[in-house]
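Multiple structures follow.
You will see two complexes here that share chain A, one where it goes with chain B and one where it goes with chain C.
Take a look at the complex of A and B:
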């Protein structure tokens, strides 16, 4: 078990770097506590797999250091780093039984039969695999196999970190629920440092205590799920987290006030700096209400998800989405919107102005 | 225009992949086939397209029997889960390919490709090769190729499954708009209930090679004819329990949770289905009933909280708005909105909604 520190980490797949876009990762600094549950969240191409490979030792970073418990492991290979990794597709031995699959990583490390049996039974119990111990792994369904992969990753107690690389991608929605909560439960029972890499916000937010959001090779925000939802520090976080994401619309700053759609928006921030190339307001669909006055909009489309209505409206600055209860009465044609001041943020060149 | 499956059956060896199926799809409709992996979605689509022949039964298109007519002679396009494009063609050439085959002149090709490219936000990429595009753009190219040729039937087989969460959300929202002014029948296969709700139109729920319900999407969602249809169309999974009704009192069979119901159904034993968002940490609706459970795990997604809990032998999920932090093993009080309960009889048929 270990805490993980990444210090000024940058990586490029090119020999020479001329500009920011030549870097797959730029200036990554992370401090992960021993025993925490963390997620790396971002779209394809954001650098999250590169970062994962650097932590596991498959890739050596161009710059910076990786520390496990303050020991520099930057130059160590994956085996020396003592890491368990679980991949998108199940990695198991089809010809072995479920029990032998789970026992395999322990046998390799020369544990006694008795120790192995205790551990395998403990993990098997947690993952509800005990009744299938004697079955050959080849006969199992995709999620059954993935459960074994998870078990093999979790069975060793001497690993520094357990890493999950999109482990639920191949799993049907109904079973995703089961496996996801299982994983969270396991984390709370065995208390190891876990790092979960995904593009799926729901998986990241529900699993992790702290989520690292990545965009174009950089960390744009690290925070709890609530922090990322309630106060995105970057427009990308606003857009990427939440479904639908945050509404982000152009605005102007005049005399230290926010001008939007010809109106002055009340604001929590005092705006001092002015030289931004663009300024925007951000407001989540959850924090907008229909009212008799406010921003005039046209109602374009209403989708009913059974639980909510998502109303797509349009003003001259662009489209604004509103989330309402499924039972809510929605005006038709034209309407007015008001924004909850507490959750209306101002962004200068995509970063929050506070 | 209509597409009709009459008593279609598909057997492979001794296995029945599609049980006798009757389905009539009308012109200008989007029809979602919703079911888990191996429910028969792809098989049905291949039969509709003429890529596969039914073992028995007929397919009628525009009141004409087309059973056995090969795919080339049907005016049909298909998009798959894997992004399929010609790697050595540019995006323009990829989209234009079906028009070239049918001998459309180059001016018209230019115009039609330009139009559909604009619709799918590909205008700036027409000269690029597929491998220079992101996954979302590659799938847009495949969609554009399906749209450009004015097909009578467009089949989309989990087209968004391989895309990032955010891209999926974006395309899912755009898809219904793409087909709004088209004279065609669209069939869309997915494992995700939310896909169906966002796309709207009609939905057929599938289970083990059978269509278990077909109707307007929101209708199928809110009034599932049977328990299986309710289960297929619920994410997170539906909570189910046996109850006894006596007079105006209903009671969970194995627990002392009871409520008044004005349901005009005979006294006796039923099953209820409760969607997770109808069990909340706060009261919703006018007729809520308390349930006390033990927290198994709680998951926060920023704006919502999922609390998995046990009550006697029940293992349920609740979904509340806002942040409701709960610890494992904690006793918790939740409220069930009885107005939203679904009641099923001994044969699992819906007898009462609400």
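Take a look at the complex of A and C:
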């Protein structure tokens, strides 16, 4: 078990770096507590797998340091770092039995037969693999194989960190739920630091206490699921988290006030003079209401998702999505919108202004 | 939807049917025909029943060449498989070395078989050939045209030179298709290099290796051109492999009946051994 600290970490797959886009990761600083459950969330190509491979030691970072419990492990290999990693698709040893697969990492570390047996049985019990112990691993279904992968990571009691690289991608949707809750349960049982990489916001938000949102090689926000939802610090977070995502609309700042659609929006923030190339307001569809006055919009389309309705409206600055209860009465043609002031944020060059 | 009956489709099958008939069915049936008859030329045939088959199966000459053939193929597989896998493992995975290695490896495969035989014949000549001359000058008594051990050595060396590349290329393709995650997982599990080879690389290469073994078995079991040019089956009968013997019997002695019976037995042996190889190596595949 260990806490994980990343200091000024940058990585590039190229020999020489000329501009920002040559970096796969830029200036990553992270402080993760011992025994926490963390998620790295971001779209494909944002650098999350690179970051994970750097933490596990499969990749050496171009710049920066990795500390486990204040010990510098930057130059150590995965075995020396004592970590476990579970990959996107099941990685099993085809010719071994399920039991031997689980025992393999322990055998390589020179444990006695008896210790190995106890541990393998314990983890097999947890993952419900005991009945297939004697079968060849190659004969199992995809989720059975992925359980073996999980098991090989979890079987060692000494690991510092357990890392998951989108482990549920190949699993059927109904089994995803089962395995995900299993993981959560395991985390509570064995209480080890876990890092979970995913592009699926629901997976990240249900698994982790703290979610790190990544975008173009940078960390844009770290926070609890609620924080990410209620107060996105970057327009990307607002856009990426939530379904539908946050409405991001261009606005102007005049005399320290937000000017949107020719109206002055009440604001929580005291705006200091600063030059931004663009300013935007962000408001989640959940926090917009129809009313008799406010921003005039045209109603374009209503889609009913069962639990609620998503109303697409349009004003002169762009389209605004509104989320309403399925039972709500939706005006037709044109309407007026009001924004909940508490959840309306101002963004300058994509970053929140507070 | 009802299927419409359209007999016109047969016209599309006819060309293939004719082609296969002329290059496989007709020749094969001719051989079958010969194998049961005695002929004295000028299209005069006499029925002999299973006589030729009995004679061939009890002939010491056939036993000897079949034995030589099995030993040759066994040695070839024993050398070429490990060597091919070994070379594939040491070949670079990226950079300029990849095309260089691939081209170098493909070269022997592109050379016509009789040219290979002729090349090695000259190469191994005791007085003037580079190999023969070098071996003799460093103290070996080497003469492949007169000593059967040397003839075997040269034939095997030639086949290793000619065909190991095939195993290399197949293994290399198999190795390259292994996802990096397998190596990463093994690294994290603390697996040794041998473990990686034993538990990841070999199982993942199983299919291409099956193919390599089958191809190498068939080709080496039916080898003709290269030893024909290199040693002609000699000295004596030392390198007289099955196909060489068969041709001698059919064209040299014009014993068409026995030669036909021998071809059929030969054909059945190849078929049987391939089937045994294949079913052993693909035993577990059905359950995946």
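Please note the rule applied: the second predicted complex is superposed on the first by the 352 of 354 C-alpha atoms of A that agree within 3 Å, B and C clash if a C-alpha of one lies under 4 Å from a C-alpha of the other, contacts with A are read in each partner's own complex, and residues count from 1 in each chain.
As a convention for this text, contacts are C-beta pairs under 8 Å (C-beta built on N, C-alpha and C of every residue); 3 or more make two chains touch, one makes a residue touch a chain.
Not measured: the values here are computed from a predicted model.
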Touching partner for A:231 - first (chain B), second (chain C), both, neither: neither
Partner chain(s) touched by A:138 [first = chain B, second = chain C, both, neither]: second
More chain A residues in contact [chain B versus chain C]: B
Chain B versus chain C as contact partner of A:63, first or second or both or neither: neither
Which of chain B and chain C A:7 touches, first, second, both or neither: neither
First, second, both or neither for A:44, with chain B first and chain C second: first
Touched partner set for A:87, first chain B, second chain C, both or neither: second
Partner chain in contact with A:242 - chain B first, chain C second, else both or neither: first
Which superposed partner A:201 touches (first chain B, second chain C, both, neither): first
Residues of chain A that touch chain C when the two form their complex: 53, 56, 58, 77-79, 83-85, 87-89, 91, 93-96, 104-105, 108-109, 136, 138-139, 149, 152
Residues of chain B touching chain A in the complex: 36-37, 134-135, 164-167, 169, 173, 191-194, 197-198, 200, 218, 221-222, 235-237, 275, 277, 296-297, 299-303, 306, 308, 317, 323, 328
Touching residues on chain C, where the partner in the complex is chain A: 179, 181-182, 184-185, 187-192, 195, 199-200, 202-204, 284, 287-288
Parts of chain A lying in touch with chain B, wherever the complex brings them together: 43-45, 142, 172-174, 177, 180-181, 184-185, 188, 199-202, 205-207, 225-226, 228-230, 239-245, 284, 286, 303-307
